[in-house]
């Protein structure tokens, strides 16, 4: 009832993992709670709208304006700069969005609403392989 | 050990659900963990102060300034506009506040601090019926 | 499988609790899910980088600029002022960072990534004793 997923990212944005998780859960069956936990400090997990991809572009645009790159004058006070201008903003975004999600499971299916998808949110510019720990607690 | 709650909202703000959840839990008894998950992408769950209602007004005022409506000039870059000026800001707020909460339960009672209440945060202007999935894992 | 931790804080910042939690878990052994829940509305839990302490300073600097003290002119609209200029900003920050964390446990160890630590984030200026409820669900 414990597994892992990896997601290869290619720059900032939302990467949907709903179908892969749903497939694993349907093989397990039963009721319970799914825990997802992302093992990194510069990306996030998010439940968001799965219908209009403009929502994903707008989310990214908002957070990029709220947390500009470290070489933007507004971020002059940042000290952690050794890993590039996108690194400290990534840690900040990771403090504002979930590192873990808990989703009730009913007969092998997540209790998602109609418009909800599960995403990894990549905050870094370079490609990364992101690891997610998943646990299904039955009962 | 799995149930659902619905909350009818009438515009932006915090709607307390602590008593309803407490009532359900006390009927179950025992120790465990409560998982709450809101099945929407334009509202949130939140644990916040239950004493001074000014806290709720201030929270709303802060987030409305941080994420203005889509017809505000500062949000000119938003693309997702078809569902009204409050919709994309609602998705952004929903990315900043929890979609799920996990609360330890001791002898049928949530381990809340003295000043903590559990709330649905409505981000949309129009009335909505919001559905929350709840799961109690015993042990 | 249920316990509590207290953390004495001395002003704003991140207080690492990873070793204390790890010690408790290793005494329990087995697989499962760890739930952490902080019983206050003016501090948070956070999983963040444990390598460069500049990350912690930068996180604090960013959120202090995003949510200035109540006596800053930009926060003129706040009503909840009776508990000092750092109190309402603390509630706002507590709405943006987690109150609960769910972390899969494998053979008595949290599935943390290499660079992840678990922290209490104190948002208040005065010293506080913060209580965290912890629950380990086996299986």
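For clarity, chains are labelled A, B and C in written order, and residue numbers in each chain start from 1.
In this text, a contact is a pair of C-beta atoms (placed from the backbone, for glycine too) under 8 Å apart; a residue touches a chain by one contact, two chains touch by 3 or more.
The model shown is predicted, which means the values in this text are computed figures rather than measured ones.
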| item | value |
| --- | --- |
| Fraction-based call for chain C against chain A, same above half, different below | different |
| Superposition of chain A upon chain B: rotation angle, C-alpha, nearest 5 degrees | 120 |
| Chain centre separation (chain A, chain C; CA means) in Å | 20 |
| Chain C residues counted as touching two or more neighbouring chains | 33, 66, 96, 98, 101-102, 137 |
| For the chain B and chain C complex, residues of the former touching the latter | 31-33, 46-49, 52, 54-55, 57-59, 61-63, 65-66, 96-98, 101-104, 106, 111-113, 115-116, 137, 139 |
| Chain C-touching residues of chain A, taken from the complex the two chains share | 1-2, 33, 35, 37, 39-41, 66-67, 77-80, 82, 88, 91-92, 94-96, 98-102, 131, 133-135, 137-138 |
